[in-house]
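The structure's right below; bear with me while I get my questions together.
For reference, chains read A, B, C, D, E and F in written order, and residue numbers begin at 1 within each chain.
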Amino acid sequence: MPILHLKMHPGRTAEQKKAFAREATRVVVETLVCPPESVEILITEVPKDAWATAGTLKSDG
Amino acid sequence: MPILHLKMHPGRTAEQKKAFAREATRVVVETLVCPPESVEILITEVPKDAWATAGTLKSDG
Amino acid sequence: MPILHLKMHPGRTAEQKKAFAREATRVVVETLVCPPESVEILITEVPKDAWATAGTLKSDG
Amino acid sequence: MPILHLKMHPGRTAEQKKAFAREATRVVVETLVCPPESVEILITEVPKDAWATAGTLKSDG
Amino acid sequence: MPILHLKMHPGRTAEQKKAFAREATRVVVETLVCPPESVEILITEVPKDAWATAGTLKSDG
Amino acid sequence: MPILHLKMHPGRTAEQKKAFAREATRVVVETLVCPPESVEILITEVPKDAWATAGTLKSDG
């Protein structure tokens, strides 16, 4: 039931995503007390030309 | 005005997406009582290597 | 696994939300071909003073 | 801290996205009174075959 | 069709929200070239005890 | 820059939310290799009468 949605830039390896999914699920289970099977994690990669901070696209940073 | 956002794995056909959009709009109109023109439906395809359940990416399932 | 997120104004009854959840799940199962247990539906009520169309808040509409 | 997420069809130029990011950040800073460095803007392009209005995909419109 | 979703802390006045909706719609229309009637803006207020930066909830900041 | 959005039922304590924010940030920093100050975490509580699995609202489960 808890759904965790991560938005980040592209560029991480498959191994990094696996480690994130595994460890983030463990944190949800331990801190929020729920069964691991109930935890869904979605990862969205947002390109640097589609993400701005302080008005400037990261691709122009 | 009602906005319905579907997140699912890639792999469905264009026909399936059309049928989903048509039928889901009908359900919104009938159950929530609003005009069809007010219903927006967005579909996001989340790859299996970007979706985890119970700490394991679906691509590793 | 398919996650369906509905955003709408407050004001529908509990019965309407139940009917929406039931019928929208049936549509997902039938058009996208997946088991009902895999379908999650979330409903977010957005007040009229927090939703604008054409630059005007619905509460001012 | 304010996060602004834009969902639109593909097709705008890099210049249009830069102008949107710059001007939308200025609007957030001026109307909501916060420092520009705190404003994050994300842009998601949703294809016409993944966006429906009134039950019809835009690609079929 | 463009949907703009703002997430911010509670505390702004109704006037500030109106000004944001009006000005942000104008920016979308001018930079992305679309009719004002097609622009939807949603505002979600996220309390300080539900928003963390660098691991610390803003309410504990 | 990485934004992590958690959706869960209401009912957890302030201490649980603090622990989640702290530990989830640590996991993001360690697995995805980024500075803690860049990590934003948002928590949205979705009531049981606004969340359905297999067509049944959790409040009716």
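In this text, contacts are C-beta pairs under 8 Å (C-beta built on N, C-alpha and C of every residue); 3 or more make two chains touch, one makes a residue touch a chain.
Since the model is a prediction, treat every value here as computed from it, not as a measurement.
The minimum number of touch steps linking chain B to chain D comes to 1. Where touching is counted per the definition, the chains common to chain D and chain E are B, F. For the interfaces B-C and A-B, the C-beta contact count is higher for B-C. Centre-to-centre separation between chain B and chain F, using Cα means, comes to 22 Å. Note on chain placement: the centre of chain A and the centre of chain F lie 11 Å apart, centres being C-alpha means. Spacing of chain A relative to chain C, judged by their CA centroids, is 24 angstrom. Across the assembly, chain F contributes residues 1, 3, 7, 40, 42, 51, 53 that each touch 2 or more other chains.
Shown are all chain pairs that touch, namely A-B, A-C, A-D, A-F, B-C, B-D, B-E, C-E, C-F, D-E, D-F, E-F. By the touch criterion given at the top, residues 7, 46, 49-57, 60 of chain E touch chain F in their complex. Residue ranges on chain D touching chain A, taken from their complex, read 14, 17-18, 21-22, 25-26, 36-37, 39-45. Put simply, chain C touches chain A in their complex at residues 1, 3, 40, 42.
Interface residues of chain D, counted against chain E in their complex, comprise 1-9, 12, 16, 19-20, 23-24, 27-28, 30-34, 51, 53, 58.
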